[in-house]
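Okay, got some structures for you below.
Below are two complexes that have chain A in common, paired first with chain B and then with chain C.
Our next item is the complex of A and B:
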């Protein structure tokens, strides 16, 4: 079921999750009205490509829909040691966007971990997955993801994106909104 | 089999194209091969303004435009792609070529709507989902099976657009027939219809973020 209490009270929450460096902060900035709240600190393990900071609390952005309704966008910290935050942020969420960095050693395993972690809070029917950096690392392919995830849910949307492009973030949200709409028709 | 060649495009673009053909071989519903001989090619990636050495019975030309170019829609005849060549834009171009070849082979004026019921086995890729209405159509077809008229009515897309989408998905192995399926039964039938306020919020969300 859609988390109606929040939606009907004027707040609709979408959670962006995924490993460190997958682009959660960038994606939230792309669709937020104004400056986002971010709790980034310098990375203690050294820089990851051009990335020198990482989120330790959460990212937060807003998109005002009208006088009464606001879309709230939350980005989870990527590191497993902040996992307690994932459960807190997922409470009452309307949908989940999982962002994966395809240059990481085991991106499909990363995706499986995030799907499993959020399944108790947000149904898979309201989850969309964006795979980034496929230009740098074409393997595993989208087909590979679909095959490996077939046993979990073969119908999760898995889409190649570059979240630096706002239209790609809007593509993920277009799919998420379509998923919710058709569940209730 | 789709045989691809090049004519007068930059060496670096040729190298990228060859690599991508190897990576994409078999993943677009067809085997892909590169050929030095234009006569053998179904598709030729060519520089703008270059006339193809072999305008054969079925060769489709894809014009490779310079990186800084910003072509206005309709300014170019046929297919084009803006450098640099990437997995996404090459896939999109090759799919368009497959469709162009399919249409060229069809008898003139023939529009044979797909009979039967269909559903998606998996989601289509980003290139297809960028078209207005396709995310909703794909969401419908992953949730349950539809015939052409039903999918058109539920998605709001014209029957020809749904037909084209379904045929492309069938060719790529993303869709399957669902003959003998029961009449439309949502998988979450127990779920109540989306309440009016929530539908209204989704509508505002679509409008505010210009979702499609």
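Our next item is the complex of A and C:
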């Protein structure tokens, strides 16, 4: 994927977060080398589009970068009532991937909420953002996100993704790892 | 005093009231029970002997998470879905049981102090879970 000097240790914890339905479980499944661990259960208060299950614990998968480096991928529950899990999962995390569903009413507000929630645990310099379903909802655009987030951190990469495509998720991870490399130069 | 969480529509309210009665009975008849709560598998409160809403909501969410994590652990080591798990500390015991039913079923979480006798506690918790499952199936019928 990328050349990794000594910026990363042998096993590096990456947290995927974002609102329910943004594709965290799908993303981790898309790039994991082996069978993922999932804690999805049926949704008791009705389906969200075609989504009938929701993560209540965490997702776990592993993505091997090269002979010496493996990313350990942890997906958080999206719903606010499981916020206690966010704090648990963020402990010791090296980087953060925030996935956003652009068809939701306030996706930029969603992004701001998740960035703020994880800021105490994971530095913003090790955060990337993936915006999904832009084919269904082109607005807000990537430029809109950049303008609104400029006051928080203009350097957070924001990328359009389809988390069903492994190459898109790998791109997010590559950018995240590249950020670390730049910081170590 | 028992707390039932308002749920619409009316049959669900009736179910929550039935659950509240079963939880009250468990607390009344079983030594050491401090609180008993029912939550959906995805962490929404159904009924509880607790009275503070924030506490009920948080306990329901944690119950859903830890039940799913216990299942994941059990499946990971090849033991399938667990029926229950027990957390013991110097202050008491927490028992969590799965209540079978639609949409992933529910989770019964019972907190005790040190006066609880584990065998009796598990027996009574099982009876409560069966009662809740029976009420749920009647609601679904």
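We adopt the following convention: the second predicted complex is superposed on the first by the 168 of 185 C-alpha atoms of A that agree within 3 Å, B and C clash if a C-alpha of one lies under 4 Å from a C-alpha of the other, contacts with A are read in each partner's own complex, and residues count from 1 in each chain.
The working rule: contacts are C-beta pairs under 8 Å (C-beta built on N, C-alpha and C of every residue); 3 or more make two chains touch, one makes a residue touch a chain.
No experiment lies behind these values; they were computed from the predicted model shown.
S.K.: Could you classify chain B and chain C on chain A, in the superposed arrangement, as clash or fit?
M.R.: Superposition result for chain B and chain C: fit.
S.K.: Just checking: does A:57 make contact with chain B only, chain C only, both, or neither of them? Give me first, second, both or neither.
M.R.: second
S.K.: Between chain B (first) and chain C (second), which does A:164 come into contact with in this model arrangement: first, second, both, or neither?
M.R.: Neither chain B nor chain C is touched by A:164.
S.K.: Would you sort A:81 into first (chain B), second (chain C), both or neither based on which partner it touches?
M.R.: second
S.K.: Which of the two, chain B or chain C, is in touch with more residues of chain A?
M.R.: Comparing touch counts on chain A for chain B and chain C gives B.
S.K.: Which angle, to the nearest 10 degrees, do you get at the Cα centre of chain A between the Cα centres of chain B and chain C?
M.R.: Angle at the centre of chain A: 160 degrees.
S.K.: If you stack the two complexes on chain A, which partner ends up touching A:37: first (chain B), second (chain C), both, or neither?
M.R.: Second partner only, chain C.
S.K.: Now for A:183: first (chain B), second (chain C), both, or neither, which partner does it touch?
M.R.: first
S.K.: Smallest separation in Å between any Cα of chain B and any Cα of chain C in the superposed model?
M.R.: Result, nearest C-alpha distance in the overlay: 25 Å.
S.K.: Need the overlap of the two footprints on chain A, from chain B and from chain C, as residue ranges.
M.R.: none
S.K.: State the interface residues of chain C toward chain A in the complex, per the touch definition above.
M.R.: Listed in rising order, the residues are 40-44, 57-58, 60-62, 64-66, 68-69, 71-72, 76, 103-104.
S.K.: Looking at the complex, which residues from chain A come into contact with chain C?
M.R.: Contacts found on chain A: 37-45, 54, 56-58, 77, 79, 81-82, 84-85.
S.K.: Any idea which chain A residues touch chain B in the complex?
M.R.: Per the touch definition, chain A meets chain B at residues 1-2, 4, 7-8, 12, 31, 63-66, 69, 71, 125, 134-135, 138-139, 141-143, 146, 154-161, 167-168, 170-171, 173-175, 177-185.
S.K.: Please output the residues of chain B touching chain A within their complex, sorted ascending.
M.R.: 23, 27, 86-88, 120-123, 125-126, 129-130, 135-136, 138-140, 142-143, 154, 186, 188, 191-195, 197-199, 201-202, 204-206, 208-212
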